[in-house]
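Across the two complexes that follow, chain A remains constant while its partner is chain B and subsequently chain C.
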Partner chain A sequence: MGKRIIVDPITRIEGHLRIEVEIEGGQVVDAWSSAQMFRGIEMILKGRDPRDAHHFVQRSCGVCTYVHSIASVRAVDDAFKVKIPKNARLIRNMLHGAQYLHDHLVHFYHLHALDWVDVVSALSADPQKTAALADSVSGADVGGAVYFKSVQQRLKTFVDSGQLGPFSNAYWGHPAYKLPPEANLMACAHYIEALRLQARTARLHAIFGGKNPHPQSLVVGGVTCQASLTADHIAEFLYVTKETQDFVKNVYLPDVLAVASFYKDWGGIGGTQNFLAYGDFPRTEQEPESLYLPRGVVMKRNLAGVGMVDPAKITEDVTRSWYENGSPKHPYEGETKPLAEDPKYEPNKGKYSWIKAPRYDGASCEVGPLARVLVAYGKGHQDIKPLVDKALTQLSIPATALFSTLGRTAARAIETVAVGDALQEWTMELVENIKSGDTKTYEPYEIPDSGRGMGLNDVPRGALGHWIDVKDKKINNYQYVVPSTWNLSPRDGKNQRSPVEEALIGTPVADPKQPLEILRTVHSFDPCIACAVHVIDPQSNQTYKVNVI
Partner chain B sequence: MDKKEQFYQRLEQRGVSRRDFMRYCTFLTATMGLSASFVPKVAEVFAAPKQRPPVIWLNFGECTGCTEAMLRTVYPYADELVLEILSVEYHETIMAAAGHQAEEQLQAALKKHSGKFICVAEGAIPTKYNGGYGRIGGRTFLEIAQEVIPQAAATICIGTCASFGGIQAAKPNPGGYMGVGQALKMKTINIPGCPPNPVNLVGTIVNYLLLGKLPAVDDMGRPLFAYGKTIHDQCPRRSHFENEEFVEEFGSKEAALGYCLYKMGCRGPETYNNCPVAKFNDGTSWPVEAGHPCIGCSEPDFWDKMTPFYEEF
Partner chain C sequence: MRAFDVKTYSVVILGIGCTLFRDQGFGVHLVHELDRRFEFGERVLLIDGGTIGVHLVGTLVGAERVIAIDTVRQGGAPGTIYRFEEQQIMARLNGADHLLQETFIEALAHCRMLDNGPRAVMLGIEPGNDHDLICGLTPALAEKVDEMIGRVLKELDGLGVAYKRRV
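Take a look at the complex of A and B:
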């Protein structure tokens, strides 16, 4: 019997997550993932105007802002049988692409990096050597010994003040940190640059969406920013995209590969077996054929056999979640009744999380950047395959290393490069469309008395589905199955672990009191727990029944 | 070289001239309703603070959008807030420590700064089932709030959730969620918005650092410098409202001309905030400018009171 440790709160994520592991012989032999908060947005939606849904669900998450809004309007467009105009599709994709850029940058630098980078070690770096390292790994035009020295001085002043703020009581000096001081200093400088950049990148949403977080120009039927289809708005959008993409290509991806080169053993830690991607960024009205990021499923790591995705194979199991039991059901047929009590945490044999356990064809599936990149790679994607091959060559690691925490982290950076380039193309497509005389952004519609709709999306954290059933012009039922629901669920009725629980097994732990290595893998999934929790009214025990046509 | 000079030098290195910085301080001072004679003092708060004031940031039932909104601050940038202006003792979204180390850090900060820290609270607190719908480190949000907040020198609720309950408190409020002040039966400074403009929080903190007290507030605890007027009274489309030039359908030629969105469901007349003037993301835009009506996101219970959003009031 190994030693059980609990890490709660998991910090540097969105939401409230508890991770418990069993450690034996210096490594994790079992793991349990528990969401610790419940809000109830799906219940809150019942009976409301379907056109309002996207505003409500957008507040599932402010880190994953925008994504639920677009998933929702797509589902309601489907339910109302509205075909949005080309400009609306382009603008929605552009805002979505902007979210990829912003979200992945912030994730790597501000949520994940401190698992790989030792800030205190940066204080002993040689600025000259740091500049040489930076020049050798990237094409960033901000650098030089004077620059790195000033960053170092800033950190030194901060540390000398004795007020360590967010760096207090952490894991500095832990043996699992492997970067030399110069790499640490370089990463710290980039952490600060990325923190500044993201404030500007967020303007992409404000240009066509009014603000970020929670842009406000999507509607059922299209977008509202009719008056923003002007040269200055588009030029500004292109300008900010280019500035961001320069950083992504010259700093973010090179940093990830540079860090990876010191952590190659993590190419054998933190992997899962099955990968699901709905795909996204429709380039025409045809889905899934025109999706820039393709749809597909990879089972048992078989990249040669990328399968088709059948949404009917999605079920949600609540055996180990804080809901009354029932057999696994498709979201449309859910009969879920949350426990109307203060939940008891019982990971060994009982219920231990607010997240339900989604399964595809009965199997636990990872979603997110790695799933998308693997599906794209398996399908020979013209942009993603070369990026992956280049990274593997540069690091001299085999393709099997992709199935790991390192692979997941690299995939996030790789897809950012691809999406950022594509984003500029889509913007130019918008320009051409407007030049041709088409300035339509909205398709009027009549609200039907009843209808059902589904939106399948692939957003920065992974595969996202929204389902709506409308009756008497009101929301009769609304369900969503979210990326972190897939990745961070508890076990299911067959005791199959979720992706994160499986990934944690085999993680080396140098010191059970300092969970650095555990954080490294958990963070690689980019958890968003507010999104993940699937909630239904505890009082009324509402049953959700929606028939799929 | 003294600290102030170092600060200006750092700004120059980042392409921010001293003039740009002073212009920002003037903007912030004006936003806060202080007279121009305060401008040098606001600059001093940013340039050469004495021992950095401690801040404990608590995250409850929320979407973390308010934290993200704060990260969008430009002048000062988030790194300057964290490294040079404030001492952010505890913030789960950015802190390096996790689990026991995070819990220890919170306790250490409370012990060291009891009675002297600013508490920023984000998210609402569930009260049903003993508060069991929200836990951190095994303790309910309510227990944590009850331990930390009474020890704060000042508590600022950021966002509509912490201020008034927010989305999870909308009908039927499955978790019994309520705003932090209501849950603790105390008065708080409230910076509502979903999420709010970071300028409003920065302005409130600067007021506190500068004048040693929190700004004047309305009867809902909202600083008057930001929430003293309605959107409608500050809206650049107001003349269209007066001339009865309305958008009646999205995508129409009236929409392209930027006519008034009242008939599309705009809640500007009922909403107190400074969005049209401060605008979001370094003055880039705001919902009405993006062609979408205001949804009233800084008002209590707006999810119930302002819906359906697309029906004229």
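Take a look at the complex of A and C:
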């Protein structure tokens, strides 16, 4: 039997996640993903007014702000049979697109990059060579030897003070870091630029949503930001979008590809088999036909046979989760009955997570950027297919390399480029629509006594579904299956692993006490466990604990 | 200077903490009370920074100074007031009293990485109960609101920043 290690808590994610792996011969041979927190929002919603649901569920997470709000209003729009006006559809898409830009930028630079970039190594870089590298790789606004020298100096001050701040508690010097010092310095400089930029990108939500996190202009029937449909607001939205998109195209995507070129072996690590995308960004009232990111399912990596998605085939299994047992249930019949007694962590044969195990047609499916990009690629998407082909050519790797941690990371950058461009088109479409005299943002409706509705969405972290059942005008049942439920669930009743558990198998681990390689793959899923704040015990000063057992 | 740049402030007065956890919301209650009682000029910003966390970077990066108010566990009697200078604040990064304090310090660290960031002072108060899921302060802290307000005003006096009591 191999050596078991637990990585808990996983940092640089949202929420509280524990990953346990078994290592034999320097590789991961088995893995268990455990979410350590339960909040019960689905239970809180019972008996409440369906129109209020989106306020509650949006508080599932402040990092994935907005997405639960849109999923919820879509589900209730569906239950109430409301058709929202064109402006509302456009604004909801624009806010959603803005969320993609912000989320993916922050994820790559501030949550994922340091798995690939060694900050301390950056201190020995030659600023002149770094400038030359940066010029050859990308078109950042700022560069030059003097600039990189000043970044290096700033990093040095941090490191010397012993107060690494955001860079502390990491694995600097780990043998799995492969970038030359100049690439490390370039990436660190861009980390800082991205940090500066994201504070402005976050404001996009405030323009048509009132605030960020948790913009509040969505309602059942449309949006409320009618007073914001002015030239000034739209101009500011476009300005910040363009500024962000410039960085995405000239720095983010090139950086990902530059880093990838040193880690090509990761095109064979961290892959899964099945991919599910609900798709999103409806361009007309017709769904799923008009979705900019298309809906589809790819089974067993078969890109030639992208299947239709039948929502009736979605079930959640609680056999290995801390809920009362029952057969796998579709979300309309879903139940949330947490075990009464304290959960016992029993990964080998028993229950070991608060996450339920969603399955599509009985199979475990990855969701997120890679799923979306693969579905789009398989369908010959006019924007995404060329971006993928160009990346594969630039890196001289085959399409099979997409099914990996590298592929997942590149897909995130690729779809950001596509969505960022489309976002500007949708904004211009809004302008034209308003100019034509249509200023309607809300469709009035009668609340039915009963009804069922679902909202299928593809949000930055992946496929997100909300299901609502209304009786006597109140919420009778509300279930949501979120991207990280799909990606980070435990096993199911048939002992099938979840995507992350499967992806970790075969990961090389050079030093079990510094499981950097495991973090690379776990982070590539962009987990959002969305726990309540205050899980970390303030009395213990440990922000990171690795138990080698 | 680009259009639509973030506005800069001389002083940001910031309350942090989650009001759902009893005394932990003290800083938030404090800034609301300050806002009720006083008017400040254009160069001063009061923020209920409650649970914003690292998003604070966007606002703090343009500020010259920040006065943060929060609960701090130092072992004193509930209601004891402390003052922390910059070094002491940054030293708490890996040993903060609660997650929102940690994310505030992270935000400050990020600001320093970006530009110089604001000079920071933290006024802390020893909590009585910061873990029960109840809104509202314990009596020991409720009766210190006035004194803490006085301490904030004293900081402003030291910076030569004007304020006016509302009628």
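The working rule: the second predicted complex is superposed on the first by the 526 of 549 C-alpha atoms of A that agree within 3 Å, B and C clash if a C-alpha of one lies under 4 Å from a C-alpha of the other, contacts with A are read in each partner's own complex, and residues count from 1 in each chain.
In this section, contacts are C-beta pairs under 8 Å (C-beta built on N, C-alpha and C of every residue); 3 or more make two chains touch, one makes a residue touch a chain.
Everything quoted here is computed from the prediction, not taken from an experiment.
A.B. asks: Classify the contacts of A:G62 with the two partner chains as first (chain B alone), second (chain C alone), both, or neither.
C.D. replies: both
A.B. asks: Tell me the contact category for A:K390 with respect to chain B and chain C: first, second, both or neither.
C.D. replies: neither
A.B. asks: Which partner chains sit in contact with A:P213 here, chain B, chain C, both or neither? Use first/second/both/neither.
C.D. replies: both
A.B. asks: Which of the two, chain B or chain C, is in touch with more residues of chain A?
C.D. replies: It is B that touches the greater number of chain A residues.
A.B. asks: For A:Y239, using the defined touch cut-off, is the partner it touches chain B, chain C, both, or neither? Pick first, second, both or neither.
C.D. replies: second
A.B. asks: Is A:A227 touching anything from chain B or chain C once the two structures are fitted on A? First, second, both or neither.
C.D. replies: After superposing on A, A:A227 lies in contact with chain B but is clear of chain C.
A.B. asks: Which residues form the common part of the chain A surface touched by chain B and by chain C?
C.D. replies: Common to the two interfaces on chain A: residues 62, 154, 158, 163, 165-166, 168-169, 192, 195-196, 199-200, 202-203, 212-213, 535, 538.
A.B. asks: Quick check: in the complex, which residue numbers of chain A touch chain B?
C.D. replies: Spelled out, the residues of chain A in touch with chain B are 6-16, 18, 36-41, 43-44, 48-49, 51-52, 55-56, 59-63, 65, 85, 106, 110-111, 114, 119, 150, 154-155, 158, 161, 163, 165-171, 192, 195-196, 198-200, 202-203, 205-217, 219, 221-228, 340-343, 439-444, 513-515, 519, 530, 535, 537-540.
A.B. asks: Give the list of chain A residues in touch with chain C in this complex.
C.D. replies: 62, 154, 158, 163, 165-166, 168-169, 192, 195-196, 199-200, 202-203, 212-213, 236, 239-240, 533-536, 538, 541, 543
A.B. asks: Hey, which residues of chain B end up touching chain A in the complex?
C.D. replies: Per the stated touch rule, the residues are 10, 13-14, 51-52, 54, 59, 61-69, 71-74, 77-79, 82-84, 86-89, 91-105, 108, 126, 128-130, 132-138, 166-168, 170-175, 177, 194-195, 249-252, 255-258, 280-282, 284-292, 295, 303, 307-311.
A.B. asks: Provide the residue numbers of chain C that touch chain A in the complex, in ascending order.
C.D. replies: 3-4, 6, 18, 21, 51-53, 55, 57-58, 61, 73, 90-91, 93-100, 106, 109-110, 112-114, 131
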